[in-house]
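Structure record follows, encoded as structure tokens.
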């Protein structure tokens, strides 16, 4: 398995980092995650741009995913060029120089029991 | 990032606004959301039509999403031409004059702890 | 909006009707739902075939969805040619004579607070 | 219904087996599942490769799905060539010699009430 699977442009229209959590951090802290799988033989260089309702986009946030590796990155860990506000609607676009697969997940622990959701991202190109 | 990503026709076959909630409104009020991402340089003009089990469709509900912005719109906030009934099955079609990306989310807080779900919408054209 | 959107062949690889529930029936009874949207001008005639781990498929279950209507059908309501067992893995294929959009949802209320999940089905043709 | 529906290459970028559970095993034990539907007349022979953040991939895990059957396989049941660690990010690629449909589900029961999520996998080929 060394074939590069996926696409080079992905979009996730939903994004929201709950401002509260219930349970031990970091595992059960409320978070949104972008899961990236790079099955190929080349390191993937990614640029993530974050869109908002009422201001210009933030980013790009730069990441690398080594060959034959996966990275599950929490949006609340983004720091450069700026951290993301909590309790704020956003969306994201992921650009890669090699094909990758992108899946989106949220864990929400604002109330007494956590809830999780997931969807494949939109493959734009 | 100023490329218009996505499609101009989307469909969401599931829709249901729970009639009860458990937790402070509006954040933890039960709701269904359509998340729209417009990555392009042109304002997007949308028409949302809502389908039911036993009556003619409602709408169109008209929305705009500015260039390089995202909007996460709750179906329970639709007012014109008519609000949507609670505890009623529905589905929706989203038409846009420029490409956008559409994702569907429900937060259900009818019982003691919320639950969330999400899926990419069906890209029809 | 009278264009027929979607596909005529869909598949859902996941299926499981929990044997227990917590909360008033039918709204909060554990269930799996297939949501079908028919945006077109012709009535849709559907055949649903259900696959199992260790026996021949069941069905076809026959349904109609009128023009410009949606139907959200619970698998636990299937009766003819046979009801579906609880606590049993299954999968399903939906065939339609006109294009429709199919989405899959489960509400699981086996424990003290419900959980929901949803995904677009696989568009096979 | 004896047509082979689906694709022969699928990817799931998200994977995580929670290390704790709340509720009777095996039904309510935290788990990730890959649901495979083989609608065709030929037995499907699958190879699943698992990718990680910081080590070489594991596998292939070999499975068969008989003709006209579905199998819902929990990643925590993988044993040969090696079991999967708990509380560790992973991703997976599923290769089949005949077309199948793949859906991904997680049940998380780390807290007092379970949560479930699901998405269609990415169809790579």
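Read from first to last, the chains carry the letters A, B, C and D; within each, the first residue is number 1.
In this section, a residue touches a chain if its C-beta (ideal position, glycine included) is under 8 Å from a C-beta of that chain, and two chains touch if they have at least 3 such contacts.
None of these values were measured; they are calculated from a predicted model.
Engineer: Which one, C-D, A-C or B-D, has the same contacts as A-D for more than half of its contact pairs?
Structural biologist: C-D
Engineer: Between chain C and chain D, two touching copies, which fits better, same or different residues at the interface, with half of the numbers shared as the threshold?
Structural biologist: Chain C and chain D contact each other through largely non-matching residue numbers.
Engineer: Provide the C-alpha centroid distance between chain B and chain D, rounded to the nearest whole angstrom.
Structural biologist: Spacing between the chain centres: roughly 30 Å.
Engineer: Averaging only over C-alpha atoms, locate the centres of chain B and chain C and give their separation in whole Å.
Structural biologist: Taking the average C-alpha coordinate of chain B and of chain C, the gap between them is 21 Å.
Engineer: Would you mind listing the residues of chain B that make contact with two or more other chains?
Structural biologist: 112-120 - these are the residues of chain B that touch more than one other chain.
Engineer: Taking the complex as given, what residues does chain A use to touch chain C?
Structural biologist: Answer in residue numbers: 112-113, 115, 117, 119.
Engineer: Which bits of chain A are touching chain D when the two form their complex?
Structural biologist: Checking each residue of chain A against chain D gives 1, 5-6, 22-23, 27-28, 33, 35-37, 39, 68-72, 100-103, 105, 109, 112-120, 123.
Engineer: Going by the contact rule at the top, pick out the chain C residues touching chain D in the complex.
Structural biologist: 9, 11-16, 47, 49, 51-54, 56-57, 59-60, 87, 89-91, 93, 95, 104, 106, 108, 110-122, 124-125
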